[in-house]
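First chain written, first letter: the chains are A, B, C, D, E and F, and each begins at residue 1.
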């Protein structure tokens, strides 16, 4: 199944904005509503838009499933690695070893309502990125594989 | 009683979800019922954590500190992602079954019995 | 013995050692019966063949009793029981889900009301 | 026959579910000490403004690991089932 | 330094190591089959070693508490929180450690077995990924002290095992079995989530110990209890919620079937944990005890009677698994029904619980062994229909011996381990209600009868012409089965040692709600 | 008052769309009704002050779940048994 040229051009134009919005949601997860799951889902929805606009064969030539699988595994390894790194540094598993440390993402905040600062929250942004990568890859690969099941039937 | 509106809708949605699951015969329809049931449970969990006049538990430019409970929202996020994973796997099963059995009617997918 | 073999069961006990003794006794009995056997037996001669009223002996593989023929009498005696039990395993997914919900309903009545 | 049984079962379950609909009071949680702790201390301990994210990734971070694992499992499952049909592996 | 590290973070490593292994398997598994085998085997060996270490620590030092994300992992309650646990806590008491041991042993044997005989299959890196995820989920389920975490792990186990059941997608029947199993498990998961929501809404806590301390047993709690009992009884395959069991067990690869037995044991653990630790005496324990007893009796009788006419070897064994689950439910249910009566608990209730728990480990061992032998036979002759088998005893001698050990153990013939645990159950249940004990004995006899049938139709008789070229199972399979067989014999010869050192602490931990609560909340 | 009205309206819409899922025999229409249901429930989450969950439900529930439902309907068949 192949959509018309208008739809494809539209999806081409839309995709960068959806992508940027998704990554905004991921990166500001600790300040505004959102986070890894939500942002990853938004990016994956954008990918779904592209996949729907083009035919499966064209998308399959564009994106390799192995790369998406690698991306998904990589996100998860980053996620669990952030937890394990604390253990190597002498803290318990999943201890937030970056929070209030002054280094990367280590600024403190004043309690109470405030506009917030991006460079806070310890390893939470790292985990947001990891989860965002994982959800993006995972949901896209689910759609691709399910479409592969449809297309072989010739429907 | 009137203020319990979300809980009452949870009960009604549970009723509809269970009805779809038991009474309908099409696999895809049954999975939609599962989706409705999951959403009903999610709504229930969120409703449990609501406080009258509370705001979302986000300090960024929040006007006050009377906040709704954050844990139900965390649980609900988890359950939504679990729901989509479950739905994807279930639909995969349905598609593969259609390939071999040529139907999505549960009355006809019964080679395994006794 | 470093470990106490006896298993205490509150009102009784069990020791695998008794089982070992009984096995030894059984082996001795087997040997005694074996010793009473016919001395003139020779393998691979006509002596081994059974005599079935002069009919030729069927091949070994042909007389193997297959699983479906075992316990025929048992199955025949309990025909009524199995006629009620087997159709329950109907293979229909919604039936199984209905069982799940029925058990939930029964337990609701039992536990919440009692 | 089976349909009537199904309707009866659904009605029984729903009538018991109404206990839930009546016993809980909407808008006034019976108990909120754990969540009050998150709201009060979450910001200074983790330096995060979004308490939900704090709960998701820090206080209950292990759940989130499990949740990502569920998604991973589903992806692997879907990929495994379509393995003959997709090209490559 | 490294031992210090291991001793402090054992529960975290128990889950983190197989998870990391599973995440990397899809990447590493692509390199080559040899690398994949080494990787999976190494991960599983490490996991088993950590589990055994954890079991040792728990049995020598008492309950192991590990708080995820706190600065001091042993401190369940932060000082500024006002006496409430706020983070996810792993509470490994002897009961949980007991289950960890089962998972470690059976998982190790199964992975050893699966090293050979998988050349015919495709998509093996997916298979091993899901396998490691399944191991992780079971280890997490039995170690966790947090309700929602339990739900997450049970969902992982549902997804992973459903995928593995449908692993042979080329046969539509496997997909059908996977669908039925997964659909019913999903409903169970929704029930469980609903129950967790109810408990959370009332008590604002997710930690089992915390909820147990605040438990008031309102009608909402009763609803939550019913939802949990139904969901977990379904997962462990108790009649009349057992319909997925024969389908899933018979069509999964044999290695996975052996693991599915362990998964259902873990669900059984969850059922016992919730009933004993979460509710204990606050609940109407006599009613719920009788509910569990009736589920157990139904499972025993219907499971074994459905098993006898089966023609598929694995389907028959699956019905026996249902039947054996009934023994555990019966034993522990009797213990639960007399929980408030101290005199009865001392005379027979505690022994009934011991018997039920001892039967869990025995069942995991011999049922795992039986499914593995069935897998070896199916691997060699390519059919699972009992009517087509016969005379295999001539060519597969070791498999026959292992099958015989497993069959005699499941039928409760001395001196194998099944007899010891069944004896405990019979004698204690007889004091509770003689009728139940008689039913249990009759079921045991029927089990023996049906295994005589299986043994006769698979191994006895002359060599059939179509199987004249069948060879013995590969050595890796034999080693995997051999470890289980040796354990069965050892458990049969030293039952009192096992009961005293492994089972009795677990049973004490199960019925002693106070010690579980005080391990988390301190004092009290 | 207006909030209460909106709240009630959303809940009413939820139940109506769930009943639509029950009665639609065209599975594609039922999938779209299910998407509408997801969207309404995300609105309800927003009303209940859970913006995180609302975004998540809108992206995952209303967007992706509907998409995979439609893909699955394309891979199987469009109408329920007994249709016409």
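The working rule: a contact is a pair of C-beta atoms (placed from the backbone, for glycine too) under 8 Å apart; a residue touches a chain by one contact, two chains touch by 3 or more.
The shown structure was predicted, so the numbers you read here are calculated from the model rather than taken from an experiment.
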Quiz item: Farthest from chain A in C-alpha centre terms, which chain would that be?
Solution: C
Exercise. Between B-C and A-E, flag the pair that has more C-beta pairs in contact.
Key: A-E
Quiz item: Which chain's mean C-alpha position is nearest the mean C-alpha position of the whole protein set?
Solution: E
Quiz prompt | chain A and chain D, separation of their C-alpha mean positions in angstrom | solution = 20
Quiz item: Cα centroid separation between chain C and chain D, in whole Å?
Solution: 47
Self-check item: Mean-CA-position distance for chain E and chain B (Å)
Solution: 28
Quiz item: Between chain E and chain F, what's the gap in Å when you average each chain's C-alpha atoms?
Solution: 38
Practice problem: Mark out which residues of chain B touch at least two other chains, giving numbers and ranges. | Solution: 5-6, 18-19, 21-25, 27, 30, 44, 47-50, 56, 58-60, 65, 69, 71-73, 75, 77-78, 80-82, 84-86, 88-89, 91-96, 99, 109, 111-112, 114
Exercise. Among the residues of chain E, pick out those that touch two or more other chains and give their numbers.
Key: 19, 23, 26, 30, 68-69, 148, 152, 155, 159, 162-163, 166, 169, 175, 179-180, 183, 187, 201, 204, 206, 219, 223, 246
Quiz prompt | Set of chain F residues in contact with two or more other chains | solution = 50-52, 56, 60, 64, 68, 71-72, 75
Exercise. Name, in rising order, each residue of chain E that touches chain A in their complex.
Key: 5, 9, 12, 16, 19-20, 23-24, 26-27, 30, 66-73
Quiz item: What residues of chain C sit close enough to touch chain B in their complex?
Solution: 86, 89-94, 97-98, 101
Self-check item: In the complex, chain B residues that touch chain E
Solution: 21, 27, 30, 34, 37-38, 41, 44-45, 48, 69, 71-72, 75, 78-79, 82, 85-86, 89-90, 93-94, 96-97, 99-101, 109, 111-112, 114
Quiz item: Can you list the chain E residues touching chain C in their complex?
Solution: 179-180, 183-184, 187-188, 191, 219, 222-223, 225-227, 229-230, 233-234, 240-241, 243-244, 246, 284, 287-288, 291, 302, 305-306, 308-309, 311, 347-348, 351, 386-391, 414-415, 419-420, 423-424, 427-428, 430-431, 449, 453-454, 456-457, 461-465, 492-497, 499
Exercise. Spell out the part of chain B that touches chain C in their complex, as residue ranges.
Key: 18, 21-25, 27, 30, 106-107, 109-114
